Every structure is written in C-alpha cells, then in structure tokens.
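There are structures below to look over.
One chain, chain A, appears in both complexes that follow, with chain B as partner in the first and chain C in the second.
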Partner chain A sequence: MTAVGPMPVRRVAGGIPLRLRAVAVGAGCLLLALVFGVLAVGGGDYPMSPSDVVRTLLGGGSPAEDFVVHELRLPRVVTALLVGAALALAGAVFQSLVRNPLGSPDLLGFTQGSAAGALLVVVTGGSSAALAGGAVLGGVVAGLVVYVLAWRGGLHGHRLVLVGIGATAILTGVNGYLLTRGRLMEAARAMLWLTGSLDGRGWEDVLPLLAAMAVLAPVVLIGCARPLAITEMGDDLARGLGVRVQGLRLTLVAAAVLLTSLAAAAAGPVSFVALTAPHLARRMTAAPGPNLLAATCTGAALLTGADLAAQRLFAGHQLPVGVVTGVLGGGYLVWLLAAQRKAGRI
Partner chain B sequence: MTGTIADRNAMAGTHDDGPRLRGSALTLAYDKRVVAEGLDVVVPDRSFTVIIGPNACGKSTLLRALARTLRPAAGTVLLDGRDISALPARKVARTLGLLPQTSVAPDGITVAELVGRGRYPHQRLLRQWSSEDERVVRASMKATGVADLAGRLVDELSGGQRQRVWIAMALAQETPLLLLDEPTTYLDIAHQIEVLDLCARLHEERGRTLVAVLHDLNHAARYATHLIAMRDGRVVAAGAPGEVMTADLVEEVFRLPCRVIDDPETGTPLVVPAARRRTEPATR
Partner chain C sequence: MVVMESSQISAPAGPPRKRAENGRRAAALLGSAIALAAVLVLSLGLGARQLSPAEVWHGLVDADSAAYTVVHQMRLPRTLLGLLAGVALGVAGGVMQALTRNPLADPGLLGINAGASAAVATAATIFGVATFQGYVWFALAGAAAVSVLVYAVGGGRAATPARLALAGAAVNAALYSYVNGTMLLDAASLETMRFWTVGSLASAQGETTAMMAPFVAAGLLLALALARPLNALALGDDSARSLGAHPARVRAGAIVAVTLLCGAATAACGPIVFVGLMVPHLVRALTGPDQRWMLPCCALLAPVLLLGADVLGRLVARPGELQAGIVTAVLGGPLFLYFVRRKVRA
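Moving on, here comes the complex of A and B:
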C-alpha cells in the first residue's frame, strides 16, 4: 500500500461529508442574482436608486414608481431569474443523466425543437402567444422523439447523446429552411427570438414558466437529487442500492424538457446557460454529484447578470441577452478546454 | 461425475426448505440473445458461494439476475420465498447488496462520501444522515482497512485501495446478502488475496452470505464454501469445492486437461493445467 498523505480537511469533518459549501454557493448566487435584479430594475429612461427600487418593491413607492417597477421592469427581471434557473437546472440534470459535461439540452436537440416550433408559428404569421406555445410544443415533441429513438430496453446516456446530436443537425436544417420561407419582417423577428431576448417581457410571458418551476423545481431538487447522484455511479450499482433507475430517468427527462422548452418560450433559446452554469457551480462547490441547487442559483445569477450587461454595456443600445451569454459562455468553454489541456486531461 | 449428479439432486431437495436466495427456471437474455435457459440456482444461507465458468457462460448475467439488475425473460428469482421483482426496491436493497464489475466514482468524491452512499436505502427524504449512518460508515471503513483514507479523493487511490473502498460502500449497505461481480479483476496477486481474505473474514465473522463471480479456479476452491460451475448457460455442478473441483469437471467446464492436487497451504483443491496442450485441444 502506498503511503497516506496528509488528509485534506475540506468538506470533511470527522470523516463525514459536509454540504455547507454547496448551500453557501447557492445562497451567494441567489443574493447576487437579486442584486443584479435590483440594479436592472433601477436602470432605464426613468432611473431609480437601488434603495428606491427596494422601497417600491416593498410597497412604499409613488404611483409612477409602482408602475415603472411592477409593470415595466420587474417582469423582465423575473423572467431572467426564472429562465436562468430553469435552463441551468435542466442542464445540470442532463449533464448528470448522460454522464457527460457536454450533455446540455442545446446539444441534445430539444432547444432546436423549440426553435422549429416557434419558427413554424412565425412563418405562418402567428401571434406572440402562439409563438411561445409553438416553442413549448416543438421542444416537447423533439424531446419525445429523441427519447423514443434512444430507448432500447432502457435509456442509455451515450445513445441519448448520439440521437440528440442527429436530431440537432436535422432540426438546424429545418430551421434554416423555415427562416428562408418567412417574409423579411417575420424573419427579422424570428432571428431576434432565436438569439434569445428578454426585451419587453410582461407578466403573461412569465406565468407559465413560474408555474412550471413552482411544481418541477421541488420535484427535481428535493425528490430526485439524491437518487440522481447515486445513478452517476452506474446503473447496476444504483439499482443495487434501491434506485428505480428507469423511472427516475423518465421523470427527470420529462421535467428537464419541459423546463427547457418553457424557458425557450419565455426568452428564446438563450445559449450556453444550460452548459456553463452547472460547470461553474461544480467548480465553486467543489462537491461531487449533480449539484442541482447550486447550479440552479448560478444560472439565475448568470442570466440576470448577462441581461444587466446587455442593457448597460453600450449606452443607448441594448443587446439581446443571448449575445452576451453566447460570448461569455463560449469564452468560458474555450478557457475551460485550454485549462484542461494544460492540465493534461484532454 | 457421480458426485455432481448427487449434488444436483441435493440442490433439488433444498427447494422447499427456503434458502433466502434462489433462482428457479430462469431464462436470461439480453434483448433477444438468450444467455441461459431453465436455470435453477440455490445460494445456501451463510455460504461463501463462488460462481465459476468460462467466458460468456452466463455467470455474470446470473449474478445480475440474482441482484435484480437484470429482469429474467422467464422464471423468478426468489428472495425469502418471494418474487424479487415484486418487492419494493429499497426493501430489497436493505437485504441484498451488489458490487458490479464496473462502477464509476464521481469526480472529486472522498472515500468517506463514497462509502456513505451505501447508506442510501436506509435513508429517508426527511432523515438523510443519522448517527447510525455515521457509525456504520466508520465501521465499514475500519473493516476494510480504509479508515485512514477517509478524507482522501477516490481518484487518487491505487487499484487495490479503490476496490476496498467499493467493498466498504457495499458493507455500509448492511445487507445480510452480498453479491460481488469479479471483485479481483484488474488487481495484482497481492491485492487479489487481500480482497479475498477480506471477503472470507466478512463471511466468517458476520455470518453474511456472499456470492462472487471469480475467474481464478484456485482462488475459488480456496475461499468458497459452495461452488457453482457453469458452462453454456447451464449449471454443470454445484457443491463443496472438495467434491466439485475435480479434473473431470475442469475438463468438462473449461475444456482444459489438468490435474487436481491438494493445496499445500490449505488442503483445498489446486488445479494444475496439463504441461502441454494436445494437438486438438478444445474440440471434444
């Protein structure tokens, strides 16, 4: 036997794991998201100080402040919070399910399915509500098709990835075709949606996602997190420990597909949040396993921060939030790959 | 071969007495490929049962079926007289543990955390970590000699240490029955013996029933109290190693001419392959 080195004390007290750090990361990210949110609400043509924003949020604002905060700006911030949280949660679930850090919904065809559904509505001249409905339907149908094609006496991670990549390729082609079929105005509106934007969101855009998060987040975070962590060690081992692996997978895939498509319906297929938020969360918690709660909070902070940057980065000119997450997320991915290569891991 | 026939009859005779774990008329298949048909297997209580047989004879498949990670295409696995597939998953997991051949330690997990995961079937949503869990995890790490490694990352351990950590996890599950799929594969000879000694101690000291798939016949003969020899999805012989492990049986099961002598250390059968294979070795 090799000599035993000094025992690292991090995360372990008396040989027993501590989860405090994960909770601290989650709480910290949530706080950060709220700070970003207050700053975002305070910005715009009618600037407000953070203390004014908080006072108004707590019910002490003038009628004008009330209108600006509650009707104009809060829906957008709440959308950003929820979309970020939903995408990150779905991403963390998929990365854990397929046991691959690249296994995010963007790569498995679900996001492209949402895009196809939404584009179909745009091309046929549908309303904004219909566009959101098309996005949800497209995402769910794509999820169902990928799931059925990948099913062979059980769901296996690598087959899901391969089928998902195929579906992504096909749907990207379909989406390109749909864009060429649309009239110029419609195509421009579709492109903005495809980039991912939070501009002009109202409460009616938030509610479906809010309802889904209220139901699905507890199911996934409380009900599925521990069996999911066990399943990461292999299907046979998880079954041996009493996890109903196939039932768990079905529940989690359904929840993650719903969250992804509802997030896409609310803000468009915002890129890279589902991929990067779980990574960042894992680095911050330094804990094994899916880190679902920390990832969810990181995603909320990431998207509210990105939206704040999108509004403020260039004075008088707003960027779609998808541009910011794309640039940030892509940059992070490149840095990560470079760091891993330096460490000799790839 | 008369001994093996007698054993087969003896096996049939134990059916009504109700050993805790047995398989009856099992047909095992992956998709449409049938691996075994009409298989009857009994695991005697408090035995260290070892399943041997050539590659692809269905021994790992049988183990997976006994651990209900593979659903039989026909037949039933009975745990305490009841169909294992009809029992609640957690209840089974508190009675019967499985250490699969390939398991993945999550990145960045410590030894104590990994062993702690063996407590999963004993935990509830609202009672996730009790002093009982802590006590069992400590005891499991102590029993497998990995207590000193508690805070180390599993990725940093040697193969032998890692295997002992996995066994500690299976022990933390606190099941009276424990199934191990090739627990010594990929280990050097010293670590193989270390792991098998550990298994024998767990069997003797705690009265656990152990079932292991092993490749090495001499290890099987030395450590098992009950041997099951398989070929082509059939049980060829079952019984005490001293009776089962004969030159005839090894030739029948593995198509390997050999002599069987007494192990000078333990007196158990020791298989010595014939010096040179005949010109037509495996056609019989």
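Moving on, here comes the complex of A and C:
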C-alpha cells in the first residue's frame, strides 16, 4: 500500500513532452467536438451533407440552408459546446479544490439546487427567462449552504462529499414535491428540463452562458491555473510560494458555481459531464494537476457527442441528452469507484 | 443455520447491571409499541374528516356506524400499507447498518430503492405492467441487483461510510436518469410515476397490502433470525467465526432480507429515503447495539415515523397533502448532515 522510497518518474508514451501532449489532447477534443457539431447540424428532417453544412457556416448557403442552419440547428449545437465546456471546467476546478476526484457539482448538490430553483419557477408559472434566473439562484444558494455546512475549521474532501450527498437527498425530495404540484403539462416541461435537454434552444439561451464563459473562462484558465496546481500540493506549501490560498479558493468556487448554474439555466442539470470530463482528460494527457484546458475541451466533445447520440439512438424518439450522460456517466463512476478501490486510493 | 449457542455478545456486565439494562430495553420496546398504537389511531382518525378515537373504534368494528366507510375504504388500507412499509424500511435500515458496520447506511441513500424504481419504471413503460403483482417481482430483482452491486463496489467488508455513500450516490444518479428518461418517453407513465417516485402512501389498496405482507413477513423473519450472527459479525470476521457464525452466509442472508424488505416496500409505495437511516439511530440510543433488541424495536418505531410523516403531510398541506416520502426527506436530511458533521472529522 504505502510506497517507500522516491516515486519513479513517469515516462510518457511516445516520449512527447507533457505540455505538448496536453495541448494536443485539447486540440484533438475540440476538433472532435466540432465534427460532432457539424454532424448534428447536418441531421434532421432536412438532411445536409457535412460539406454543405461547412459551406453554409462559412456563408455560402442558400437562403433555406441559411435558415435551417443558423436559426434552427446552430443554437442547439453551440449550447451543447458551451454547456459541456462550462460544466467540465467547473468540475475540474471542484475536483482540484477538494482534492477528491469525486467532488463534482453533481454529487455536491449544486445541480439539484439549480433544479429546485427552476422548478419553483415552473410551478408558479414563470417565463423561461425567470426559469433561468431561478436555476442560477438555486444553484448559488445550494452551493453556499453546502460549503458552509461542510466547513469546519477547513474544508475536508470527504465531508464535503457527504454533506453534498445529504443535501442532494433533501433537494430530491423537495423537487419531487414541486413536480407533483404542477399540472401534467407543466410537470412534463419541468421533467424535461430536470433531465437536461437541448431541444429547441435558441440564441437567447446561448447568450448569457456565452458571456459568462467569455469572462470566467480566461479568469480561471489563465489567471488561476498555475496557483491552483500549486495549491494541490498543500495549503502551506502554496502559501510559502506566494499563493493567496483563501482568496484563490473563493474566486474559484464562485466561478465554478456560476458556471454550473448558468449551464443548468441553459440546458438543465445535465448530469455527470462535470464528473467524467476531467477524468477522461487526465487519462488522455497523463499529466498531473487540474488539466483545466484539456478538461474543458473534453467536456465540449462529450456533450456534443452525447447530444448527437441522443438524437440518433432511437429512431422516432428524441431522448433528452441528460439521459444519455446520466446512464453513461453513472456507469463510468461505478467503474471508477471499483478501480480506485482496487488501487487502494479511497 | 447460522445460529450459535452461548456467548453473550454485548458488553460484559455484572448481573444487576444486566438486569437493569434488560429492563431499560424492555421499557423501550413497550414504549415503542405504545407509540405505534397511538400513531395507528391517529392515522385512522386524522384527515379531511376528523374522527375521535371512539369513532375510530366504532368505525372499525361496527358496520352500521357513520365512520365505517371512511375507516374501511380510505384510512385502513393506507394505515396498513404504512405499517408494513415502515416495518420493512426500518428493519432493512437496521440490517444494512449492521451488515456494513456503517452508521450512514440507508436503503434509499445506497441506491437500493432506486434499483427497485428503475425496474418498476421498466415494467411500467416497456412491458406495460400496471399492478402491484406485476411490479413486485421487477422491484425485487432490481433491489437485489443493486444491493449486490453497491456492496461490491463500496468495498464489501472493507467498506467505509464515505465509499459506500458514494457508490450509492453514483448508482442513484445513474438509475434516476434512466427512470426520468423512461417517464419522458411516455406521458401516461409520467402521470402515474411522478406521484410514485416521491414515495407516497396515498395509492394504498387492500390487495396491494395483502400481496406485500408475505414478502415483508419473510424478510422480517429472516432479519430476526440473523440478529444473533449479526451481533457476532460486529466483532469482525475472525471473532464471528470463533463464535460459530459463518460470515459469508450471514452476509448473503442479510442481503436477501434487505432485498425482500426494500423491494416490497418500494414496489408498493415508491422510493422513501431516510426512514432506514433515522430509526436505527434512534433505537440504538434506546437499546444499545444488540441486534436482538434493536431489530424488533426498529420494526415498531419505523412505522411510527412513516405513518407520522404521512399524517403530518395530510395535516400541513390541507386540503391537499404532502407525500410521506417528502416529509421523511425533509426531516431526515438535516439529521444525516448532523451525523456527517459529527462523525467525519478532518
């Protein structure tokens, strides 16, 4: 169990330097996400070949193609890209902050908090803008409460996870109650939203998230990545190296909760992307540390891919994307726990 | 069988203290029985139309009395269902906490009710099953599969509270995504399932209760038979073996008992969380850790909690009602958080 002596230096397959490999993984995932996106834009009642799609995107399409691509299908794909990226970034930040690979917003109760806020709006008959607002507010409040309850002279990974699980269980009960209060039509709308779906997204759904990503992603990716990597080695060491740990932590938690809530406002609480994307990214880059950039790109690829699968998997039925990510992600998490147990890490 | 002779498992104590302890336990058992009787009368008497205890009695035995219809048609099936489901969930929680040696074990948190739910959702949407007789076999199969899975993933004998809770949370999330997905594909099943998934006693019918009784009885008998060997198991496998218990057989038997109890309860009234968590904790404070006293006490006190939650739900949200599952989640969640804050230290 306990390793004695110096850790062997890990050799990277093929001898590619770590930094280069991380960039390559990020670029590869981004490319994959774009390919999925083009395929998704091309599919539907008015099928288009990938070359037609690219031509239309570059401005050379017929008016009909322009309408189908720019007004009907592109918003959905852009939402998928952004939601995937935002969730993955938030997940990577949380996993690094709590130093626990399982500390994702899904398990910590924020997503259920967003769901509760949004459901409250649906039941009281609010507009879709109010729904998004409710989701953001619910997520932020739940995040705050979990953080405060788990704080006890410091943040301990397992306690945060357990408090999150408890909060999730309570909120699930509250959500179930809210769901039974509405009429069937409202309940169906709420249910679809709760599962996480990208159906019928327009540009007005994209914009808030786009703005948030434009501001928060550089802050986190450029401003906080290095201090975060240093903080992973321990608070004292980080302080010694000049990192203001508490300030960093507060900034990152605020950014991650905002990203999660806005993603939930745009597409509903899509489960498990925030958990799985950083893991997959770490596996691919084989680099230590939070791997923020690679995780972000992986998340975008994951969600566009899942949405593509959700549209095509059952002919005639469009599954909401949250069902695909939930079932796949849950399975992945179970496998992960089994693997970690074998390795004696948890 | 796994019975062993002699050997007091509980802490060694002199005869006078022993007698005092047994007296206290007998008092706890008696008190629980009285509380149960009181709650049964309340559950029969309170609701949209209030009945005094005397009226309840007349309604029960006298076919000509005014209250006969109310009591027999509406309140009695519901009360009996709550009684059986409460017994099942409480005893299952007690057995699970003993089996996993984990104070945070609960059939709802560990995903066993979710397994039963997923199986029932499959039965309802894909196979078109709509009766309890049809549900129950699916629920049992789902509960069995998940209990084995969570126990194995959570680490079996080496399980820690955090690991088991995580495995349960993962399974919960994955299975509820699946349940939501099946509901979304079929509006008719959404209409019934959205009430079923919060956990409610409102759908009670006489036949359901009668069908459920044998499963609960079998699970209860098995659990009580395992009380002694579970005591032995609490001392660790080696000590248990030297006391004449077969750890593997005891574990298998306990999983069968939990499956029977949870599967039947979930099939009849939907997934209800936290009853299995709260009651054993309360009982342990009253009787001490001896399973031979704990399990009967759980069987008496758990229905008090469930029926109490049901009555409370009927009273606070008049003229509508709050489902029992929601009341238990809202009451039990904070308790869970309290245990987490107390037990898991940094």
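Everything below uses one rule, namely that the second predicted complex is superposed on the first by the 302 of 346 C-alpha atoms of A that agree within 3 Å, B and C clash if a C-alpha of one lies under 4 Å from a C-alpha of the other, contacts with A are read in each partner's own complex, and residues count from 1 in each chain.
We take it that contacts are C-beta pairs under 8 Å (C-beta built on N, C-alpha and C of every residue); 3 or more make two chains touch, one makes a residue touch a chain.
Because the structure is a prediction, the values reported are computed rather than measured.
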Check whether A:A286 is in contact with chain B, with chain C, with both or with neither, and answer first, second, both or neither. first
Quick check on the superposed pair: does A:G234 touch chain B, chain C, both, or neither? Answer first, second, both or neither. first
Of the partners chain B and chain C, which touch A:G242 in the superposed model: first, second, both, neither? first
More chain A residues touched by chain B or by chain C? C
Check the residue A:V141 against both partner chains and state whether it touches chain B (first), chain C (second), both, or neither. neither
Footprint overlap on chain A, comparing chain B with chain C: 152-153
Touching chain B in the complex, chain A uses residues 1-2, 4-5, 7-9, 11-12, 15-17, 99, 152-153, 222-223, 226-227, 229-230, 232-237, 239-244, 286-289
Okay, in this complex, where on chain C does chain A touch? 104, 108-109, 149, 152-155, 160-163, 165-167, 169-171, 173-178, 180-181, 183-185, 187, 190-191, 194-195, 197-199, 273-274, 322-323, 325-326, 328-330, 332-334, 336-337, 340-341, 344-346
Could you pull out which chain B residues touch chain A in their complex? 31, 64, 67-69, 89-94, 96-100, 102-110, 112-113, 116-118, 120-121, 123, 125, 128-129, 134, 137-138, 141, 147-153, 158, 160-161, 173, 179
Where on chain A does chain C make contact in their complex? 102, 106-107, 149, 152-154, 156, 158-159, 161-163, 165-170, 172-174, 176-177, 179-180, 184, 187-188, 191-192, 194-195, 271-272, 317, 319-320, 322-323, 325-327, 329-331, 333-334, 337-338, 341, 346
